[in-house]
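Quick heads-up: structures coming right below.
The two complexes that follow have chain A in common; it is paired with chain B in the first and with chain C in the second.
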Partner chain A sequence: MDQKKYAKLEQGITPKPPILKNCIKAFLVGGAFCLVAQFIALFYMTFFDFTERTASNPTVATMIFISMLLTGFGLYKKIGQIGGAGASVPITGFGNAVVSAAIEHKSEGYVLGVGGNIFKLAGSVILFGVFSAFLVALVKTILVKLGVVSW
Partner chain B sequence: MIRQLLPILCILLLLSGCVPNEFTVENQTGEDANEAENLLKKDDRIKGAAALFYEDHLIVGVRVKTFDRFNKRKIAKELEKKLKETYPDLSVFVSADSKILTETNKLILKDDAKGIKKKIHYLISLSEEET
Partner chain C sequence: MFSIYITSFIVGGLICVIGQLMFDVAKMTPAHTLCTLVVAGSILDGFGLYEPLIDFAGTGATIPITSFGNALTHGALAEAEKHGLIGVLTGMFEVTSSGISAAILFGFIASFIFKPKGNL
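Showing the complex of A and B:
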């Protein structure tokens, strides 16, 4: 059996993933996270001195904190099973990636286990986030210096 | 349990969107406030506003329509320019931030005039914060 034949056979047997259904689920779960975050932002705006613009930072911190708690209690993986990308793309997925890696490597000790592996999954997020932020800032600085846009 | 609560939750969430959008103008100066009210009502990108004239200040919080929120800062700037032309004697401040809108509404409903000026200055400094 050559490679092409095998690929054809494999494609015939593998069940087709329900893409549309998954998309709808991810949309709903991701939307639910955003709804909760919106309420938290509203809470910060109503009871503290945050404006719409400044409320985003404490909201993000709170959402990460909630997702870390949910990961520790083992509830986030259940949400992730239903939501798929809807649970991993928002900022809550970042908190989940950090804490689940820490829990996984706890048995190897706190320094080399937890400390060395805590950013195993989230490290790429941080690296490429910082790098793309740098690129965008560079482009914007050049555009501002040229007088195309203003800050 | 969750299945029973879900419809109730949905209805509550849908209804919570029904916040009254209205135009409130409070005038505590000798200026003519009608012009500001007309200007705000004429703009079809705005669905609600609160304006407070106090001593030499005019503070306006506006709620822009959902899809105009992308340009909300630009809209606020435009309105501020127009209002400044109408009231050259007042120091005008317009913001599309919902915090400013709710706080302006609170100031309008406030009974005693003590500390209103301080609060207005505080709101202006609050809206200038970037992070």
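Showing the complex of A and C:
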């Protein structure tokens, strides 16, 4: 059996993921994370000197703190099993990737284990984020300098 | 005032649904999905489309990982506006510093406190 035939056979046999059900779960879990964050933003706007725009920075940090607790107590994995992308797309999923990598590699020591592996999972997001931001900003800056578009 | 809670829930949920469709329909790995979403966020900000979404949905737009790409591009563009091309490099982490530093800090703290449980 060649590889193509095998891939076709595998496709036929593997059960199809319940797409609609998964999407509804992702919608509810992801939406719930954003809703919680909105209340945290309200907290920062009411009790501290933050505007609607600047409140997003401490809100993100707080969400990552929550994600640290959820990951540490082993709850984030369960949320991920229910929510799928609803758990990995919000910034808490990024936090979970960093925190879980740090905890899991603790046994190899703090410098080589934690330090060396903390961005093992989240590194690709940072790499492609920085690279695409660089390209987009570079192109836009050049276009503005040439007078094609404005800021 | 209260409509922001509804739009936040719906927009945040919809971005996660896009991610779920990339998992299930396009058969992408979680890492590929997240990278694609980050790149999409940064391109959207290049066209100036992400800021209106934040005004409309609040945390529904700032909490999904797309906002990470948006924040990187936004910082780079804001600095480029002031200092020209070199600002693209120097301004990149200006806006998004809280997310990265919080992740590093809390990740390190967590490695002191918690025991490994096979979370990866």
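Criterion: the second predicted complex is superposed on the first by the 134 of 151 C-alpha atoms of A that agree within 3 Å, B and C clash if a C-alpha of one lies under 4 Å from a C-alpha of the other, contacts with A are read in each partner's own complex, and residues count from 1 in each chain.
Assume contacts are C-beta pairs under 8 Å (C-beta built on N, C-alpha and C of every residue); 3 or more make two chains touch, one makes a residue touch a chain.
Treat the numbers as computed from the prediction; the structure is a model and nothing was measured.
Looking at the shared chain after the overlay, A:E52 reaches both chain B and chain C.
Contacts of A:I103 after superposition: chain C is touched, whereas chain B is not reached. With both complexes placed on chain A, chain A has more residues touched by C than by the other of chain B and chain C. Judged by the touch definition given at the top, the superposed model places A:I19 against chain C, while chain B stays out of reach.
Once the two complexes are laid over each other on the shared chain, residue contacts for A:V60 go to chain C alone; chain B is not touched.
Within chain A, the residues touching chain B in one complex and chain C in the other are 35, 52-53, 57.
Contact residues of chain B toward chain A in the complex are 13, 97-100, 102, 126-127, 129-131.
By the touch criterion given at the top, residues 17, 19, 22-23, 25-35, 37-41, 52-53, 56-61, 63-65, 67-68, 71-74, 76-77, 83-86, 88-96, 98-107, 110, 114, 118, 121-122, 124-126, 128-130, 132-134, 136-142, 145, 151 of chain A touch chain C in their complex. Only residues 4-5, 8-25, 30-31, 33-35, 37-39, 42-43, 45-46, 54, 57-60, 62-65, 67-69, 72-73, 75-77, 80-81, 84-85, 87-89, 92, 95, 98-104, 106-111, 113-120 of chain C touch chain A when the two sit together in their complex. Those residues of chain A that touch chain B in the complex are listed here as 35, 45-46, 49-55, 57.
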